[in-house]
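Working notes, structure below.
Labels run A, B, C and D following the written order; every chain starts at residue 1.
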C-alpha cells in the first residue's frame, strides 16, 4: 500500500529513483503567501549533494531543481508545489552483476519479494538518492518554520569510535558545522573523524556514527497526545532514513540509569516564561513540546556498500552466490545525513504547527 | 488535530481517561471470520492490570472488558469491534492540590497550554491507564497475527544498572518471563531487579530500564519503503508509549562502532530458505522485513510520579510553587510496559500484514 | 478496508448494528471547551427515533444515550467523545427465514459476498439503525457549528407524486416542520403526504420522496478545491445515507435547461457584503461556499422492506427462492431521514470549518 | 487543508494550474507489473484535449505527456508514477481586466477569500485545465481495471432541451460516441445537439446537459458500507468535477415516483450467476456493487464563461463593477466532460478494487 506521502495537513509526496528520469516532491497543504524561490530549495539540496568533498561518493550530480507548480507572483498560492531534479550522471553498467544477487545490507531482497522486481541499477527507489524528495519538502518546511523563528540543526557527534564530549551553544554548533566536511561542532574531533572516514574509504570499507538534532523555539503544546506524539512522529521520520538504526530523545537510553527524582526536570520561571532546570525529557512531555529545546540523537549505521566480494544468494534458484559492488559510494553517510535529518524533522514540525493551529492552513 | 486513531487499514481508535466513565477502543478493519471472545481480550488486559504484584501501583482495578459490537455468532463480522472497560477504583481527592501546579515529568503543563485544561485527577488522557485501549487493540491484533504464526514477545533486559548479559532462546524467554514479576528471562537477574524496584519503592523513588521486543515468523517484504517503513512505524508506536525515551533496532546504537564489512549480514540458504548469518539489521532492510526475527529495544524512563515535595509552577500567575504527589503509582513501569509494547507492535504488524496483502481485508 | 470513520480533522467513527449490544460513535478532534451534555445528543436522537408517530416502524426503542468519555467539568476536554445507545427491543425471531435468502432492495447479498456473512436479523450494520452513530456525531457537530451561527435544516418537499411548489422562508421552514409528522413546511401538502404514506402502509407497500437541506450562515471560502470540494463532500455524505439515490445542489438537474447567461448568479453588494441576485449555484462555486445559503436536494427511494412474497435466491445453492419480510418497518423513511441528513451534513461542515481554520483545532 | 490527493490505497495527487509551467499527477499505490507507456496516457489525454473540434475552446494545447518516474523495463515497478504535461499556448493578456473583479459562475471570489489570492489568468488551479491530472490518474486506473474486464463509459444523453430517449446496448454506445463530436450514442440527436452548441457559441452563450456513466463487469461486493460506499465515493468524484451540479444512480430522482414493490429489483439466477430483472438500484445496494452494471447520471451546468458585460464586484473596495471575459472558452463542456467523468470514476474504482482485495496491493 502506498507510502510515499507523509503528513496530515502539510503533505509531502515524493517520487523518483536512482536511475529514472527525475526525482522530486509535491508539497500539498503549504499555506498561500510564503515567499519561495527555486534558490531556497537549491541551497538545501546542495548540502545533501554528492561530490562536494572527498568524504562523499564520486557520483557528480548537479541536482538543479525546477519548480513546476504552486508559485504565483513569487509566493506560494495555496496549491500544490511540485519540484523536480533530473538524473544525469548515471553509470548503469556498474550494476549488471547484481541483477539476481541482492546486496547484503541493502533492501534488494525485500523489494524483490514484495514487488516482484528490484532495480539493480543502484537501488532504484531504495537508493539514498530518493532523499532529494525529502530535502525539497524540508526546504519548504524550513522556510515556513522560519516565520516562527524555529530552527532545526543536525550535527555529527561521533564517527565510529571517535566522539566529541564537549558541549557547545547552539550558535556555535550552527557556525562550526559549516567549517568542516564532517559537520561536527568540535573542530578538533572533526579532523580525527575525517581521518577515520578516509581510512575506511581507502580500505573499501565504511563507518557509521551518531548525529544529534536540536530544534529551537518551538511553542509549548506542539504534538498530539496518544498516537501522533511529537517524539513518536520525529522518531518515525528519523528511523525512515535509510541508515538509521536507533533514535533517542533527551537523555534517551541513559535515562534508564537515573531515578525518577534525578530524571524529573524541575520547573522554574524566568522573565515570565516557564522553563526547566534540566532537559532530561528532551523538550517533550506527554508527546508535546514543553518549550525547552527538543534534542534527538540517531544512530547511523556504516554504509552497506563496501568493496570486495560479499556472500549473497541467487534469487532465481535459491543458491549461494557472491557479488562485488563496483559503484561509487559514500564511506560514511553521516555528513550528508545531517541535511536529510533536518529536512525530515522540519516536515514533521511544519505539519504539527498546522495541526495545532499555530499556522493557518490557507494563508500566512 | 485528532490523533486517537492508528493504522491505515487495521484502524484502532481509543478513548477514555483515568477518571471518566470508561476507557476503550474501536477496531475497524479487522476481517470477518476471526474467532474472538471477551476472554481473548481479558487475558491481555490482565497482563497490564495494576495491583497484581508488589511491584505495581496499589490502585486495584478489575478491568473487566465488555465487547459492544462487531461480533456475530462468536466471530468478527467485518464491522467495527468496540470494547470497553469501566473505571471503578478512583480516589480523586488525592489529586486536588495539583489543580494549577503541573507535575514535573508529566505532560500536565503541555496539556494545559494546548487544550486550555488538564485533568489533574491522575492525568486524564495523559495517564498510563489509557493503554487499556492499546491492549484491547493489541489483543485483537495478536489473535489475527497468530493465524500466521507470528508472535510478539517483550521482556525486560535491564532495570536501572542491573542488566542481563545472557542470551536466551525465544522459547526460553516466553517461558521464563511468566515465572517472575519483572518479566525478565534471566531468573537470577530478575531477583536483583525486583530488589532494585522494591528499594526505589520504599524510598518513594522510581527506576527505569530496557525492554526488548522480539517478533517472530514475519513473512519477507512486510513494511512500506520510504515513509511507512516497518522500523519507522514500530519506532513510532513504541515511542508513543508514555515512558519511552529511545528505540533501537538490531544492533542499534552499537552499529556505529562496526564497519560496513562487519555490519553487513551475510546471506546463506538453508532448507531452501534465505537467511543471514548475523542479524545486525534486526530483521529489517530498506524498511521491510527480511525474514529474520525483528528485534527492537526501548529505553523506559523512571516513573515521574515520585514522593516528596517537587518544584512546580502555578499556572494561574506564573510563579514558582511546589507540589507533593500522593496518589498510588508504580515504582517501575517496565514490567507492565511489556504488555503495552507487545500490543503496540502487534497493532502495527496487523496493519502492515493487511497493507501488504498477506491478510485479506474483508474475510480471513 | 475499514470505512467506519469520516472526516479529516473532526473525525467521527461509528460502530454497532441492529441486533448487537450497543450502537455508538466516537468523535475525535472536537476542540476542548465546548459545553456538551447527554441531553444535547438525546434531543437529536429523539428526532430519528422510531415509534414516535404512526408513520414510522413500530419498533419501540427508547434510544437513551450514555457519554463514556471526553467530557470534563461539563465541557469537551479535547479528547475523544464516545457515546453509546444500547439495543433493547429486538425481535430476532422475525428474521430467521431470511438466513440464506437475501432481501431485494437491501444490501444482504453484497454483504454476503464481501464478508462471507450477513446479519439476517434486521440487516446488522446494513440497517438504518446504524444512523444512531451518525446522529450522535451530528449532534456534537451542530453544537460546534452553532457557535458560528450556522444552521442545517432538512425538510420534505415531496412524497411520491405529491410535491410542494410553495417557497417558504428559512424561519418558516424551521417552524412548520415541527408541526407535522412528515416534516414538510407546507402544512396543507403535509396532510396529503401523510395520507399517501398511510395508504402505502396499509397496503404493505412503501413510498419515497425528496428532502431539501438548507445550510445557513457559512463563511465564504469553506471547502477545499479539487478533491474535497464542499459539494463533493456533502454529496458523498448524503449519498452514503442508505436510501438516497440522487443528490443535487442549487438548480441541480434543472441547470441543464438554462444557458450560461441565465445560470450565472450576478454579484451585488449590500451593506458591504457581497451577495448574488440568484442562487443557481446553490451557495457553492469552485467547490467552496460563496456566502449564499447552501441548498441541496436528495432523492429518497421507497423503503425496500415491503410485505408479501418477494423473489430471492438461495445463496447456498444459487437457486431461485422467495421470502416474506415480517419485521416492523417504515412505510416511508423521508421524515426520519431529515434528522440523518442534517447530521451527515453537519459532520461534513464541522470538519471543513476546522480544515479551513475557522475553528481552532484544540480549543474554542 | 490539503485536498489534492484522492484515494485510500490507489492514491492520485494532482498539481499544476492553467498558467504555470506544468500540470500533472502522481499515482502512488499502483501495483508493480502493469504494462504502461506514455502512449497509454496520451490517448486518454487526447480525448479531453481542447482544440479538437469546433465545439471546444480555440486554445490549442498539444498536451504531450512525459512520465518522470515509476516505470522500470516498461512496467510499473510499485513506486510512484509521476507524469506531467507542460503548458504552452497561454495568452495571459486576455485576463488582466479580471484582476480584482471575480467572474460570475467561477470560483474566483471564493479562492480570493480563502487563499488571499486568485489566479486571474484563466482560473489558475480553479481552471478546467487541471483535469489533465485527473485524466493521467484515470488512464492508469483504466489500464489496471482492464485486467479485470471492467470498462467505464460516459456518453452524453442530453444537451440543453434536447434529450435522447432511445436505449442502446453498451457496445453500441461505445461505438457510436466515437462517431460524433458530442459523444452521444444517438447519432440523429447528436446532430441536433451539435447545432444547439454551435448556436450558443455564435451568441457568446453556453449550454449544459446530462452525461451518463456506465460501469461494466464489476465484481460483487465492491464498496465499503457506511462512510465509503461505492455510490458515495462515485458521487463525490463526479460532483468534484467543476461543472457538475447533480448526481444520481440507477433510477435516481425518478425513484421517488415508484413504490417499494415497484422499485425493488427482483433476483433471478442465470448460468449460475445471480442477477436482477430490473436495475432500479443502478448496480449498487447497501453501498456495494451487486454485479449488475453501475449506472450514474450527472447534471453539467452551462459553462460560466460567456461573452458580453457581466455584473461583478471590485474586491479592493467592495463596490459594484463589471467585467467582460475575452478568453477562449467552450460553449458546452459536456463532450469533454465525458473523458474526465470516466477518469474520475476509474480512479475511484481502482482504489476500491484494491481496498476490497480484488487487486493485490504490491504486484499484479
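By definition in this document, contacts are C-beta pairs under 8 Å (C-beta built on N, C-alpha and C of every residue); 3 or more make two chains touch, one makes a residue touch a chain.
The structure displayed is predicted, hence computed values, not measured ones.
Sharing over half of its contact pairs with B-D by residue number, the repeated interface among B-C, A-B or A-C is A-C.
Ranked by separation of Cα centres from chain C, the top chain is A. Rounded to whole angstrom, the centroid-to-centroid distance between chain C and chain D, based on C-alpha atoms, equals 26 Å. Between chain A and chain D the centroid-to-centroid distance comes to 39 Å (mean Cα coordinates, whole Å).
Taken residue by residue, chain C touches two or more other chains at 1-5, 8-9, 14, 79, 114-115, 125, 221, 225, 355-356, 361-362, whereas all remaining positions touch fewer. By the touch rule above, chain D contacts chain C in their complex via residues 1-6, 8-9, 14, 102, 104-111, 113-114, 125-126, 130, 158, 160-161, 200, 205-210, 220-221, 223-229, 231-233, 235-240, 242, 245-269, 272, 274, 276, 280-282, 285-290, 299-306, 308, 310-313, 318-320, 355-356. By the touch rule above, chain C contacts chain B in their complex via residues 1-5, 9-11, 13-17, 20-24, 26, 28-29, 32-33, 66-73, 75, 77-82, 84, 114-117, 119, 124-125, 354, 361-363. Put simply, chain C touches chain A in their complex at residues 8, 79, 221, 225, 355-357, 360-362.
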